[in-house]
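What follows is a pair of complexes built around chain A, which joins chain B in one and chain C in the other.
This part shows the complex of A and B:
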């Protein structure tokens, strides 16, 4: 009897501990997740009732040119950011990791600081630096192209410049992960390699790189997923333009839902984005794991 | 060390310092711009070195925009999000780590899975939900969808799992219950990670753009990252004022980072799983 009572009390306490999280989870995560699937099969507006249309929204996605433009731009943006930021972060991490004490802490702080800024602060600063008339970076454009470039109104320049801004903003995070990875490499391995007469390049190839590969895989995966979800910078700097040259999937979800009042269609696009992200992350994780194991 | 080696080392160090200086240049330039007069900012003579200390644009944005409102909204919502996320996450992680109950494995599986789900895919229906609850343009509307931070639970569980069992038994023998154990033993043992997680949760909540941007439509309810973009529309191209408002908006998180630098780096490393 006593153990029965204790058991029930134990369960009651356990449930009371998980209750707050479970409540919020069901309310703002699980319920919207179920609803978004449901909504994607209707022609409903953002607020209000719609009719069941089956797979119509998904069929429409497949014939929507804007969807393919967005998908292409998402892919282009990934090409422009993921590998460059990983290489840059690794380089910076190797440089910073050589230093010690206060100098190292100071350098790390300078490289990391942009990461903790709100996105709109970042875009405001870069919009000023790239201002067509007065931007401090315009002389560089004039030098290479012969004239100033209104970068966020130019279909050729808009994505590369959003990529540059994004890399500046988020690179500190990747630097930090690489620094953590470098600190996890046991010092004895370097000593042993040095005793065997390995020079610094050989040490990097034979010791650092193999042990750093898991962190590299992590950085690549995190970046790929992050850049698929790009919205804030594009919206703030170019609003998807000019001529949809920086239109991306999440921007499409936003436009359809909140500006064109197509709740059902927006839900379907959001789900496609969701599936793309899940597939890419699972695939990439597997690929990187296989290559890392070799 | 050979001379060649020493020269190579010095060159690399100088390269690092120059690189860091270039990296931080945009912030420096924003600051220099913010303390100039609007005329000076766009004049031919405006050089790289601060040549004026003019706070007019700071005063202007403090009193002629809703900046103080936005600060208030950001502080209130970010603090509430941080407290709720940390406390509810800690409680849930404690139960998952130290107690046996039906549904435990399922719950942990759900936590791990939701870590992978991009919340951006849910904004449409989260908005519909907040609308039906009457939470559009309210603090509750800004806060609620930001309360799910699965990584807090995952990190706490790892740390609670590592607490030696003997600590537990001593308290249980003294008649202490699970809540006593959590708040008198497990929490004090993990103050370090608690502060680290709290700071990073606060910074992330403060910087959140997409959700507050969707759920708030009136200027007086905006948070800092959303509100400061309105200044652009209000002023047009007045860059001294734009840079002033941008730097004022970034100040709280920048200060939080500079004061708790080591905690922030630790939290970033731990929550992405490269250090445990």
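This part shows the complex of A and C:
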């Protein structure tokens, strides 16, 4: 009897503790999410009721050229960012890890600094540095290509440059994750490897890399999810142009919803993006786990 | 005790006075007017409030473009919108499709002391739907004009004896003037915002309309030979880049600075930059003689891209505006129209003809010189995808701007505009 009473009391306490979270979760996440699904089957505007149209919105997505362009650009952006930023972060982490004390902290802070900037500040800095007429980086472009390049107005340069800005902005966090991972590798392993005559390259390949793999897999997955959701940088720097060469799925969602007032269609695209992110990231994580287990 | 009495008397007085305050109608006003426009509008609002003890306008300025119109739509949908708002006439079709605009009846106009005949016909047409129902009261007509720097043209055939621009009656004439200015040392003979959606769109649309082309007609984008006309417009603009006549990838501010710093002989931009030139000239900082004229007829017919600021009343869900409030709102609109002369100092042409035809406006330069454009003003096509901050503007920055910088052949660019916008019209 007493245990029964205790259990009920426990449950009551547990419930009262999670209740605030559950309430807000349902209010600001679950309910809107359900509404998005509902909305995606209607031709409704952003606010107000629409008519049920079944799978019409999804059918339309499949025939929308802009959707395929956006999907392709999202894929291109993933290629440009996920692996490069991971490699770069690992390299920086390895270098910073060799420093010690104050110097290491200072370097780490330096690399982390861009991450704390709001995206609007980041894009403002870079659009000025890359400005066609006055950009401080334009002489470098002129040196290599022979003339200044309006990078965000050039169909070939735009995505790579958005990727560069994004990597510069977000790399610090990945460096931090790698540093944490590196600190977890026991020092004795390096000593033992050194005793066995392993050189530094062998130490990296046989000790650091395998033990760091869980962190690497985590960084890759986080980056994949994050970079699939690209919107701000494109919206602020290139507006999807030129010739849609930087048009991405979230920009399409934004324009359909807020510019054209097509709430239903925008919801459908958003859901497709959600499914894409889920499938790709689960797949990637599984693949990485298999590799790591080898 | 005396203190007590005074307090008592004061509170009694305040209670009695309360109903008087309550009778004052508060009119919530939203606009998107920043910069010089904003200063002038705020001055007008203050003057109105001073002259009308029974009505009080409470104004808020929001961010121009998509943010403004999104806020209007969402707030109206939940009954939290303003009582009166500024609206671009080019946005009327999408505004009506969203159902956020309340019809302005003839009775409303009467309350305001206005009638349809008081306005320029093209502005009234742009403010009405296909059946002639009015959804906004036009306040001004603003378009692009051709600013010119006399110093590059002195002694040439392009200035008459009074020092005014003359002799530009065709594209060839204009291009000859550009070549001459280039020879005379102008770094960018004609500046406009070549790397900005609005700047590119307005010039492109003007050139298209001057050929008699249509951007969107009866649900079709660039129908018939309009496709070739659009290509022709892009070709002309591309040629200006190739000849080194227009700046490359100029942002809006840069395009203005090129002219005000004396590097450009001509400048294609909205009338709203007139105050900039007037102020600079007054303080002696401009360094050259300037003028502004209606964009000359470069192609087959006279036409200029134009839009209007207008006043609209939101149709709020679940909230009918009380008759007294509506009366107050219409009083505000009527007063603004009749006092739009001070608005004209921002470069605009009053849409209200009694002011546009007044002596005072006739003496206002350079407005009076270019005000003739009101009769040939070419408004954006009546379509849900056209107007300020619309897909049409996106197409200008996404397709036209890179094309005129040589990234795409004019014909291919025109075709891409057609297919892109057509797909949005579904």
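Rule of thumb we're sticking to: the second predicted complex is superposed on the first by the 281 of 294 C-alpha atoms of A that agree within 3 Å, B and C clash if a C-alpha of one lies under 4 Å from a C-alpha of the other, contacts with A are read in each partner's own complex, and residues count from 1 in each chain.
Definition applied: a residue touches a chain if its C-beta (ideal position, glycine included) is under 8 Å from a C-beta of that chain, and two chains touch if they have at least 3 such contacts.
Everything quoted here is computed from the prediction, not taken from an experiment.
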item: First, second, both or neither for A:239, with chain B first and chain C second; value: second
item: Contacts of A:277 with chain B and chain C, given as first, second, both or neither; value: first
item: Chain B versus chain C as contact partner of A:82, first or second or both or neither; value: neither
item: Comparing the two partners chain B and chain C, which touches a greater set of residues in chain A; value: B
item: Partner chain(s) touched by A:151 [first = chain B, second = chain C, both, neither]; value: neither
item: Chain B versus chain C as contact partner of A:163, first or second or both or neither; value: neither
item: Chain B versus chain C as contact partner of A:90, first or second or both or neither; value: neither
item: Chain B versus chain C as contact partner of A:258, first or second or both or neither; value: both
item: First, second, both or neither for A:45, with chain B first and chain C second; value: second
item: Touched partner set for A:181, first chain B, second chain C, both or neither; value: first
item: Footprint overlap on chain A, comparing chain B with chain C; value: 46-47, 133, 258
item: Chain A contact footprint on chain B (complex, rising order); value: 9, 12-13, 15-17, 19-21, 23-24, 26-27, 29-30, 33, 41-42, 84, 87-89, 91-92, 94-96, 99-102, 104, 107, 110, 114, 116-129, 131, 144-145, 147-148, 153, 177-179, 182, 203, 206-207, 209-210, 214, 224-226, 228-229, 232, 237, 239, 242-243, 245-247, 249-250, 253-254, 256-258, 261, 264-265, 268-269, 272-275
item: Footprint of chain B on chain A - complex, ascending; value: 10-11, 13-15, 17-18, 20-22, 24-25, 27-29, 31-33, 35-36, 39, 46-47, 92, 95-96, 98-99, 103, 105-114, 116-121, 124-126, 128-129, 131, 133-134, 136, 168, 173, 176-177, 180-181, 184, 215, 218, 222, 225, 228-229, 231-232, 236, 250, 253-254, 257-258, 263, 266-267, 270-271, 273-274, 277-278, 281
item: Parts of chain C lying in touch with chain A, wherever the complex brings them together; value: 66, 70, 73-74, 77-78, 94, 97-98, 195, 197, 248-250, 254, 317, 384-385, 389-391, 394, 397-399, 401-402, 405, 407-408, 416, 419-420, 423-424, 426
item: Interfacial residue positions of chain A with respect to chain C in the complex; value: 45-48, 60, 64-66, 132-133, 150, 153-155, 239-244, 255, 258-261
